[in-house]
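Across the two complexes that follow, subunit A remains constant while its partner is subunit B and subsequently subunit C.
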Partner chain A sequence: MKKILMLAVATAIGLAIAASAKAEMKRVAIKPPNGHALSEIISGYEYRSKETKVLQDDDIQNPGFIWVEQGEELWSQTDGSAGKSCASCHDDATESMATVGTVYPKWDDKVGKPVSLEQRINTCRKDNMGAKPWKWESGPLLSMTTYVRHQSRGKPVNVSAEGPAASWAERGKKLYYQRVGQLDMACSSCHEDNYGNRIRADMLSQGQSNGFPTYRFKWQKIGSIHRRFKGCMKNIRATPYKVGSDEFVALELYLATRGVGLPVETPAVRN
Partner chain B sequence: MKLNATRLVTALAVAVGFALPVCAAPVAFEVIDKTIPKSLTMEAGDPGRGKKALLNRKQGNCLACHSSSALKDQPFHGEVGPSLDGVSGRWKEAELRMILVDSKVVFEDTIMPSFYIADGYTRIAKKFMGKTILTAQQVEDILAYLNQLK
Partner chain C sequence: MAKSKPRIKVPKKAAKGDVITLKTLISHKMESGQRKDKKGEKIPRQIINKFTCEFNGATVFSCDIEPAVSANPYLQFTAKIEESGEFQFTWTADNGDVFKKSQKITVA
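Presenting the complex of A and B:
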């Protein structure tokens, strides 16, 4: 009798483990519209370990919140010849910036190009505050970008590649499928053809951008999507484009269109 | 695409074991019907050296994408390409040499790098310009090692 009971318990435990392993494998996916390059749209979050997900989900532990908080402080600090802060015009960011993080990169009529959120922040500093633009990947620009995009956390990415932005998205698409470097790989080689497969210990994701700026363990800090592009290109032994370049903005725009509908996760936590 | 063409590849053969740099001749090879029947070098491939080059993350780095039960002691095998188990039973040596040298001749859309092609790349980083990922001898050494994975 005892033996049977033990067997039953062992079987139950076995089944429970199998079920939880299966549950962990199941990834939340969005059904893409017709004609989309992917058959399912999946956030990079789904490819990370349980521990990493827990860290991202806890606002106290999530290391990316250091930059959210720094951004919040900067929001109301005056800077530049006009004696203004962001708050002087935009008041409460939780309201005025509530959906901004879902639509960038966005077409800018003034410059006749799509601009990234980083560029938009710097334009505002220059034109409206009379302040010096922040350097790409600098602490304040990362903080402000993270803070602004964080206001859209949980809302679906809604970037548009219509109208004048269409040709830029097309340019980004070309870059996405262009093999580069001595290893001769395109973004698509890993992130379209092989997502869900391991390269060494790392599981390839779809390379979605909904979590950027993202805190990476490898960087020990938060970083921009352009920095990530650069790292990828270096890995495949290519000469990267420059952060803030037209090429990277076009690629960022196209990449965002591949992830329309995914929730903004800023600040995401990744490997 | 590049079918049946004789491809002359200018690659610098690395002189191993010499104190002075040796002026190396470019190594040419002939592609016949998507295979390279002849060895790239005069020296026979050495499986011991081949295993090292296969594992080295700056050289073959084959386990990044492939797995191998013969190399179980190595951590983190990849899942992108097929297992290396029994690879020499599935392919003839001339075919495997072609796949190592320029996999795209055999599999047009593959993610696998061309390990012995020096030119034709886009935006290749300066320090790799005009160079191949593996030397001709390393290709032969890796082939000799793969031959053992029956």
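Presenting the complex of A and C:
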């Protein structure tokens, strides 16, 4: 009798677990426009565990806010020969940067190519502040990028690949579908053909960029999308391009167009 | 992360007898002492090893933190509040650095 009871309890628990797993499977998706590569657009947030989502949603628990706060401090700190800070020209970031995070990478007429937010910040430092550009993946550049993009949190990604940027998006698309490395895989092998499936213990997402810079548990800190690209390329045993390279900016641009409409989540939390 | 910065969340007001939730996070790399650098030499341990929370001088919560804890440790706990006063949070690191933050709470 006791055994049967225990079995019944175990079955009940099993059912409960199955039910909760099913509840977790329901993912918020947005409908893509006609001709889009994906049949549904889903943020990486939807592929993470309940615990990770809680961490992202609470501004105190979310460790990415360390960088948001640092960026806020840097915003009004003067630097460089012109004796200016970001705030000298752009005033209040909550207003002046309110939608900036939704449109990068963006075409820049001066350099004749699309630039990422990191590159735009450094151009501003060099040309307008007379300050030294920050190193890619350095604390200050991550902080400032995170702070600026955070101002657009909740607003839909609105990156444009029209006009002169079109050929760059095309280049990014080529890279996205180009099989490389010893494992002979392309971005699409995981993030288009297999999102929602597991690759060993990891759950594959669509590889959307709406949460970057993102706090990753694996990194124990925040990181740029280019760092993530590098990691992905190493995983498929390819030689990664350099952070800030034309290849990565083109890929970042194309990737962003795949996620148009997703809300900016910076700073997102992923594992 | 050159300098560690604590972040806390404490309600500003509470009713007598309320159980309130206190949230704390400090930015710290929490170098475990288990890793090796490029030359194969051990990177010395450098972690936050102790956390205390005091209310009007009396300890509310304290703990030792061990090397297995991730970077930027987050701690959350509750306390029953009987009177107005000040919470004092203290983090102590291996190298002797002490980080403090405090916040007042008013009991209506």
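Annotations for the structure displayed:
We adopt the following convention: the second predicted complex is superposed on the first by the 250 of 271 C-alpha atoms of A that agree within 3 Å, B and C clash if a C-alpha of one lies under 4 Å from a C-alpha of the other, contacts with A are read in each partner's own complex, and residues count from 1 in each chain.
By definition in this document, a contact is a pair of C-beta atoms (placed from the backbone, for glycine too) under 8 Å apart; a residue touches a chain by one contact, two chains touch by 3 or more.
No experiment lies behind these values; they were computed from the predicted model shown.
Applying the stated contact rule after C-alpha superposition, one finds that A:Arg27 touches neither subunit B nor subunit C.
Taking subunit B and subunit C in turn and counting the residues of subunit A each one touches, the greater count comes from B. Once the two complexes are overlaid on the shared chain, A:Lys155 sits clear of subunit B and of subunit C alike. Of the two partner chains placed by superposition, only subunit B is touched by A:Arg237; subunit C is not. In the superposition on chain A, contact of A:Lys174 is made with neither subunit B nor subunit C. Once the two complexes are laid over each other on the shared chain, residue contacts for A:Lys53 go to neither subunit B nor subunit C. By the touch criterion defined above, A:Pro63 lies against subunit C but remains apart from subunit B after alignment on the C-alpha atoms of chain A. Of the two partner chains, subunit C is the only one touched by A:Gln220; subunit B is not. When both complexes are overlaid on chain A, the residue A:Lys84 reaches neither subunit B nor subunit C. Put simply, subunit A touches subunit B in their complex at residues 178-185, 189-190, 193-194, 197-201, 204, 233-234, 237-239. Subunit B meets subunit A in the complex at residues 63-65, 75-80, 104, 109, 111, 113-114, 121-126, 128, 131, 133. For subunit C in complex with subunit A, the touching residues are 1-2, 5, 7-9, 23, 25, 27, 29-30, 70-72, 74, 76.
Residue ranges of subunit A in contact with subunit C, taken from their complex: 58, 60-61, 63, 65-66, 69-70, 139, 217, 220-221.
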